[in-house]
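After this come two complexes, each holding chain A, first together with chain B and then together with chain C.
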Partner chain A sequence: MITKAAGTPAICSSGNRNRSIKSDMDIVIIGLLLGGTYALMAMGLQLQYGVARIMNLANGEVLIAGAFGAFWFFLGTKASPLWSLLFVVPCAFGLNWAIYRVLIVPLVRRSKSQGKLEVDSILATFGLSFFFIGIMVAAFGAQYTDYSYLSEPVFIFGQRYGLNRVVSFGASVILCAALYLWLHKTRAGLALRAVSVNPSAAGLVSINVINASALAFALGGAVTAAGGVLLSMYLTFDASYGVVFTLKALIIVILGGVGDIRGTIVAAFVLGLAETAVATLIDPGLTLAAAYVLFMLVLLVRPQGLFGRRVA
Partner chain B sequence: MLESRNVSVFYGRHRALENVSASISKGEIVVMLGANGAGKSTFLRAIAGQTQKADGGTVLMDGNDITRRPPHEIVETGVALVPEDRGIFADLTVQENLFLGAHPARARALEAQNMQRVLELFPRLKERPKQLVRTMSGGERQMVAIGRAMMSAPSILLLDEPSLGLAPVLCTELFRTLRRIKESGVGIFLVEQNAKQSLAIADRGYLLDNGHIVGADSAAALAKDEKVKAAYLGE
Partner chain C sequence: MSIAEAAPVVRGGPAISAREWRMLLVSVLILLAAACVPLVVGGYALQVSISIVMYAAFATSWLLFSGPTNYIALCTAAFFGIGMYVTAAGVDLVPYPVLILASGVAGAILAAIVGLATLRVSGIYFVIFSLGLAELVRQCMTWGQHVFGTMSGLYVTVDRSEPMYYWQLLALTAVIFLVGWWIGRSRLGFALRIIGNDEVVAVHCGINTARAKVVLFIISSTFASIIGALVAPRWGYVEPVVAFNPFLSFQVVIMALLGGTHRLWGPLLGVIPFTLLWELISIEFPDQTTLLLGLCFLLIVYAIPNGFTGLIEDVWQRRKGGVAPGARNA
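Let's turn to the complex of A and B:
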């Protein structure tokens, strides 16, 4: 069942399928399945950057920790890795809450401006990411890791797809919808959106901005780790692979617009489709490069994001 | 009663306010007049906890010391600020802004009742609960801002230049609304450049110049005062 293989971690590790017979429909469906899972992980960074205003460069390491959590759980119990969400999510929530309280709050308190805070928090979380990599290498080793779960075919429009991708997509859609509803239908969710929109006015309506930011940061970490659990069901990863996901999430958040949940979801699908198209039509090795071309185009042409307004 | 005693504020070495003492009770309108840069906004921000106050001054709300309390706790004592930039959530809807106003624990039980009251004061807001505030006119935003503050069930409302940027007709309407709010028992502390209309609805007034209180009297007396006429009423 468990395979540990050294090899390039490919985003579209299609294995038994032949690239030449892939139809355009294939690209669209695989792209959408991938994008759906990306949406969840990017929602995590969106909460951390859009609400708590912390660009967390250790975000991807939290995702990989979630993936290791699922792997370890599956190895031990042979039960569905989805069950690992029950402990991965609360652990990631607690860990990220502690990170915000211990590491970030002192930076917030001493920073004179948002720009200064951004530089400080980027440096601090960049350092933190290496700390996490070190811990994970010590705990799980440095080799590529994957496991085989639900790797049986499911047919959509007559084409075969991995059932694990479909299940992962479905779980991601459910979690994204739950998060969206929580943000839009509850008082606590409204408070987080208020902090995202106007932190100084949030204090005037009795929102404790530090506490709300800690909640957003912790929740963001929990959501990202949940994304890691789902991605681990079909991707190969290793302890130092987090930076790739940090940067993917960053691309999605910037492309979708900071603070814009709907933009994030659309941007996640755009990235999923673009990566799949490039991997299929050109070369799987170019997926990351393609993502960066997309990122640079956004920064040059629409720095405010797909749906964002130009700041006057 | 909300009371400041010898409140001073420094921006670096620059003294923005020095030993300002003022007070306001429920059910009265008090106006603070002063030129641009006199320190009016600084005073309100200091009261609401948004600006650091120098040692030696105190702010009391109903006898409790709130000098060092953060903004989100001061709201809970019944003091609501509408800052000069309105302090609204432009990317959220009218309804969401008003619900946020009722976020303080003190206001939650009375949320439905306060919502009804705010919509009576500003019927315009009832027509478009789902509209994003940033797409509204200046007058409508001001309604959202004051409505948002009223949702927190304040005893004292602090308003920073509410008439700023409003057309004359809207100004008149605004001051009429403020009088109705006062009649419901809320105290309104108003910082204004529109001396004529604000003195007309106010009970008392303070004159602030260069960070100091330079005069305090009933609104009627201030409106007749020659110096006030010359400085603020353009007569």
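Let's turn to the complex of A and C:
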């Protein structure tokens, strides 16, 4: 059962005398490990929604495609799935760039207002998500998929954890840091941040907003697919499971505040912890409910997100 | 301040014009003709007819909310599943008609919670919330059954013949149309048209936009739940994976879009060709249904963004050579 895999510890620490304290510690560490990978996935959506301003409902399908890419690579070569990043990331970049150019730009041109564009892009990417599911079912089948890589124990504070989770977390931290530095230290990153703050003002300082948005959208897709590669190392997935990741990424972005990278990272850890707590303490099948509870809280208490600015 | 306090003068809405009487007469004739279908056809043709009427009810009730507000609701499956489950859970305890009502009430309660949480804030949050609602309810349902130790599937045994299902769904479709027509004439409908055109203007007119949207979402979702109650006995066996299939939400949106969301009767024009196409696709390409439907969806969004009604109205306008007042926004 796929939902079972989504937050349960890979190796359960049964038979310990000091059970309650140990399992609290388990929740924190597994939650943080999960949150690290969620941060990467949500940064992808943040680039697409926060900078390119396209609500991409096919985001989760790109993530699952990345996971299938890693699975296929691992089956074929038996080498580390991390190597598959070398072709998954460029492919996802190209694919998402093409999506923006071919599917989204006509909508941007056609729509008279931001609201109309929002409706149109939601519909277009919603249709696209089913199209992708169809392709993945045709290519890989509809069954649950997983593979066993580095499923050996590693000890943290005397507790055993799956090495694949730790490696996945480490890779995710490196990629997040690289992305953060690129956004904050390079000229292209500055242009993207400018578009994120105000697209029309960015146009006035000779930033090509369409090109910058295409870059952000493509980069977002690439980052999401990388998240898929890392998640596939310890999660079970199937072709139609993308919508759950789309939702989690959306909830993280809203929880952190649209357009705020730091908020996204913090929110990703919050969601990782909340999900793991619910999965461990109540039921592994309720991870989406945990995400929805967080979403509800944000809507009721702080709709602009943890770090977001209130829109004037 | 709500629009009710702002404009007490137009309480009953405008009087029914001669044109509306004609429309009403035509609608009744179409309804009567549609009611005769089970007397003429049977077997497979009747099954397809039942699908058509069911999707007509779904798409029209979806349109009640998403048409005027432009908020895309992606959660039909959640309400349909709720209706099915309420019916399945109570079928041995209370009479069937009570269950139909109870399904509507359960759907209305869920819609009120979702609406109050999201519709006060922004349209985009509503869309996101609706996207995962079916999966959320499915998870909670599965968990609940696990905790209470019941079986994951439930049997629904109510004796109904195939023509009866058809007539029930047809009657519900007629009710949805009447409600839609009534809303269109009421102050609520007027308020919603303003909200759909420009929400800021609506707020400045003194319309309680959140309340109008929540009320409409509740009405729309109640109907989707009632459809679940009407269809549940035909399926006979209800389980979470089938009842909360997100594919349904997708089909309903695509049919309504194909027909056009500017007119109450728009979805009808989409439902009939699409149900037939869907039957063809699921017979000819049973393994590629998701792929082909995704493709159809994209084609509709890009090629006919205003649906068949939009096309018809364009042709009509060009022949008349003028711009019909309010043709686009109604």
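FYI, the second predicted complex is superposed on the first by the 290 of 312 C-alpha atoms of A that agree within 3 Å, B and C clash if a C-alpha of one lies under 4 Å from a C-alpha of the other, contacts with A are read in each partner's own complex, and residues count from 1 in each chain.
In this text, contacts are C-beta pairs under 8 Å (C-beta built on N, C-alpha and C of every residue); 3 or more make two chains touch, one makes a residue touch a chain.
Everything quoted here is computed from the prediction, not taken from an experiment.
In the superposition on chain A, contact of A:F295 is made with chain C only, not with chain B. Of the two partner chains placed around the shared chain by superposition, neither chain B nor chain C is touched by A:V167. By the document's definition of touching, of the two partners only chain B reaches A:V209; chain C does not. When the shared chain is aligned, no partner comes close enough to touch A:V88: not chain B, not chain C. In the superposed model, A:P303 lies in contact with chain C only, and not with chain B. Contact comparison for chain A: of chain B and chain C, C touches the greater number of residues.
When the two complexes are overlaid on their common chain A, residue A:L286 makes contact with chain C while staying clear of chain B. No residue of chain A is contacted both by chain B in one complex and by chain C in the other. Listed in rising order, the residues of chain B touching chain A in the complex are 48-50, 70-73, 75-76, 80-81, 83, 87-92, 96, 99-101, 103-105, 148-149, 152.
Those residues of chain C that touch chain A in the complex are listed here as 70, 72, 74, 117-118, 121-125, 127-129, 131-132, 135-136, 139-140, 142-143, 146, 246, 250, 253-254, 257, 287-295, 297-298, 300-302, 305.
Those residues of chain A lying in contact with chain B across their complex are 187, 190-191, 193-194, 197-198, 200-209, 259. The touching residues of chain A, counted against chain C in their complex, run 3, 55, 57, 103, 106, 110, 115, 118-120, 122-124, 126-135, 137-138, 240, 243-244, 246-247, 250-251, 254, 282-283, 285-289, 291-292, 295-296, 299-300, 303.
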